[in-house]
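Data block below; observations after.
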């Protein structure tokens, strides 16, 4: 009996990508907006944080599953990247070791890649910030990688319980990173932009001093739940 | 435009399961053996720990994706469980709240379920241990759940970067939890049992005082890597 | 202007305690039961864990606020302890240093104290287990304390966001630690025992194979929330 | 027997606040100065961190105890806020879910609220920074809240072992957050400003090259503790 | 210019060991006793925990510095081990991967090694417990090692800020792990046994109901520090 | 028998330092470059982080081993510091308490000290950033120190498993902190600068669109490891 396909290491050359313009537009609405708009799904978790401030990107995922402490497969992935992609990397076991630095960023920038999402570590923070290449990562570390273990490119991977398929949309900003399934991209954009529009109206009302308690109907809800209003603590 | 399928909450009634006997046999070889035998894949991570000592199980996954702090979907999942299953639960955001206790265990035991894997929290530890129902969990907590938010049963979920599909094999013991893809089950059992057999021979040699350094060929490797043997530190 | 009372270090000799029998009876229902019965309140958090297995206690709190790494005030607190008390200790800043070991346990056992809840660290685990003195703690450490800094005994303290007043009921077992306000003790016991009784009935039904989905009315809820039942994944 | 008061969900309309000017002046001296000046008390812990750099605020606490993942009670709290307040929110169990974003900030800014202290998560970081609304929080997350569970406003809450009563003073800056009891506010300001004045003198001496070792009398202390001065390590 | 000695990978064959009997006797007094007796030094930290309960060992350190995820050097170290040794392993960067399991334990047991201290991960917990080979470790994981990177044996290493030299004494039990410098071994035993003897007397007094507050002189200390005794909280 | 030298508290007045110019030049190449250039050693770990952005320093270590929560020995260390030094502080047990603030920084700046590396906590972040004194630390906290316990200055210390000897080179920037042994300084500078030079060439090639996959020879490696290139996922 031979080993099944899952045990092979592969690089998939051609993937179906979400539309690049749609991906960029989704990213522009902000990661929290997208997450909320598609039904509170796709958040990669609070431990994947930006190394820079105020970056906001949207793009299509090229995925890498690497061995901890080994970035050989990132080198293989670069060739598969194109304008509008976001590279998403994770490892088969937890590790803080940096798998990415300014040289790889230089390479990705020549191909029009919009950013990196890293489930392990990165380094060369100062250089990355100077280059203006946006990165979200779980760790920052001086500890660098070897190039000794095979892995795969453009297979489904998962970070903190969220599955990322190659070609999915990645939206990332100061709040974190959200993945949107490729098949949902157009719908997600519609939902996200509708939410942005709705929030504009809400923001105007709130800035004018109206209370969400009133116009959302929360006051009724508090009553239904039996929350009591007391004039002072001594009324308890 | 209507919402895509991914945004629906569903309970899938019929799933294709790995063979129950194969699943049990895989579990019996031990989670680390399986993990190693299939190419170092499938480990759910070092933070999913047993609440008991010395339990070892193998079974087929029934999966639950729940809202943090809400166990409504576990109630829905029980009906889908059968003899030989292992219930695997995770939440859409990190949470320590207990979604499982001795009452749910009682229900699962009547259906022949072999154990629980929980990405959030459990409680009633003393009762669970007394019942002899094996549990692996990320948290233990008194904080109990509500039953107010929909989710899904028997869809693909992920824990710490490992995807678990309904019907996959779960192997769990004191070392942690490993998932094996359903399609790989027969091959994985073959590999795992071969590894157990090989290790028997190795164990006998080691117990007789032979050095792995010699019979594995590591001594040559050390030489190739330039590791120097010195008689004392003063030879440095 | 002189300093306010909050800045003084005090030992309060006489505190009003919840009834000792009530406290013991509350503890006997189990920490998760109590927590649930009083409205999901009072859980000291998932990082306060038992050093032993299967202990279950209930008692009245004598509280200590200590300086990190200093157990002088525990010595002062012992004199204030009586039969049926539980000593609850926390520090003014996070610390792993052990403030408690087998000698202090020996002292507490002569006074009939039922256990210790520790927000910092303990040591002498083997001896404590041999003595059979139950302990719940945030850390285990060899690092011992000095006796150089004042603090207070029998003032209100807080652990992980839960306030513990001297004389409050402490319920602790394998699930963790729950605090019940003294004024609520009788009511909490009534609620907890009612819950235990109700669960007996539920357990019998579940053991007989009935589904909570049916007798709790959750099936209706799933329908209301729009959860769809599909025969197979291909129906998606 | 009816449930006790602690089990009710309440919104307290009128609270006694520390003087707004005093609260602002306390904040201006810096959180570490205040903490030190009042006897090393009131620090909310190293895991409550600012989302911005170089903000420094002082104000009076309006408190919220919310269910994890649910921000209904923040909506209720806004109505209770006035010029000079700081909103302080925590949850009944640990959670990373965001309970606060830019819309709620807009609402609070119209009422003159000076900032937010959050024991769970926030989102819309980029917008909050653009609005200039200062926030200290335990987590940043895209994951948003529901509005389905009651809680309380303006009751005593606790974060990391520090009790915050409504009306207490909150001082927050890059070092973290400190709470000062309302009754201590005037005294705390006096102590804090005295400390600032003293430190000015010390700073001048240190900048001139004098050694704290000398003018604090630490040299004598080192001698008393038996610390030995050796010319080189070989004198050991 | 050639690379300096620190950059070479070496295996030191002959090390000076503390006396085996002294090492065993030190271990028998308990890790916390030793730590305290030698001046509160040498504790390897609260995150190095036993996989078993109630084991207590003392022995002489054979040290390994390994690459994360690679246990080649443990194989090299076994040959250097002798009766009475304890193997102490750490890695050049943080890692949860298991570097040790039951086969290596079998090998070590044939040479009379008393236990393992591991700064990364171990697996085969059930087998190790069955073998009765005591292990203290930072992580438990199914994830196994490769044998592809050189490192060193019997050079000084450090775990959590404590330096361990080859030949030093290791004392380990349920409280954790303490290292004693070889040159201090005889003195450390003397100090530790004196402490045990002293504690015997103290224990007898405490068991008889005497208060440490009195016979330690802490009461005077409380007075000196200005701690006030109040009859009730209302005296505040 | 008297206590051994290791149990004494000492301040070593004269240490051999690496050359100040070499130390500065090493720092200028960046911490990750140094770490890589000397064989992936010396990284103090991913939890020692800068409080500022874009600082980059190199200097010679003056070391402090302090009691948790006590900074008496930092006061003693200042006198031992000179132009070009970096102060490196750790504690005998884990602690978040701040041992350093703007006053100590003022003192160090008058002596030409280039920065601080702290294994516990710091405070006065806003002031430190205003002063422009660079700090890398494990924690930020308002909680301040006492000055009541002896320790040592200029003895070997360890942070996260890396030993720092007085006089060693410290290189620190946004990636973290690396220690280089004094005896290796000249060699390390040579290696680091060679690496910087090599990377310049590589960067130019990558910026021109060449693939590391080609010019590093990784393509051959992927083939050797059996990584398969597939046109689409359906070829699996």
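Letters A, B, C, D, E and F mark the chains in the order given here, with residues in each chain numbered from 1 onward.
Keep this in mind: a residue touches a chain if its C-beta (ideal position, glycine included) is under 8 Å from a C-beta of that chain, and two chains touch if they have at least 3 such contacts.
This structure is a prediction, so every number in the text was calculated from the model and none was measured.
Chain pair B-C has a twin interface among A-B, C-E or E-F; that twin, with over half of the contact pairs alike by residue number, is C-E. Distance from the subunit A centre to the subunit D centre is 31 Å, each centre being the mean of its Cα atoms. Centre to centre, using the average C-alpha position, subunit C and subunit F are separated by 42 Å. Contact of a single residue of subunit A with at least two other chains is seen at positions 5, 40, 43, 46, 92-94, 96, 141, 143, 149. Taken together, the chains touch in the following pairs: A-B, A-D, A-E, A-F, B-C, B-D, B-E, C-D, C-E, C-F, D-F, E-F.
Contact residues on subunit E toward subunit F in their complex (touch as defined above): 1-7, 38-41, 43, 45-46, 90-94, 119, 156-163, 181, 183-184, 186-187, 190-191. For subunit E in complex with subunit B, the touching residues are 5, 8-15, 72-73, 75-76, 78-79, 96, 98, 101-104, 106-107, 110-111, 121, 123-126, 129, 139-144, 147, 149-152, 154-155, 166.
Touching subunit B in their complex are the following residues of subunit D: 67-69, 92-97, 141, 143, 146, 148-149.
Here subunit A touches subunit D in the complex through residues 30-32, 34-36, 40, 43, 46, 49, 53-54, 56, 173-178, 199, 202-203, 206-209, 211-213, 216, 218, 221-222, 225-233, 236, going by the rule given at the top.
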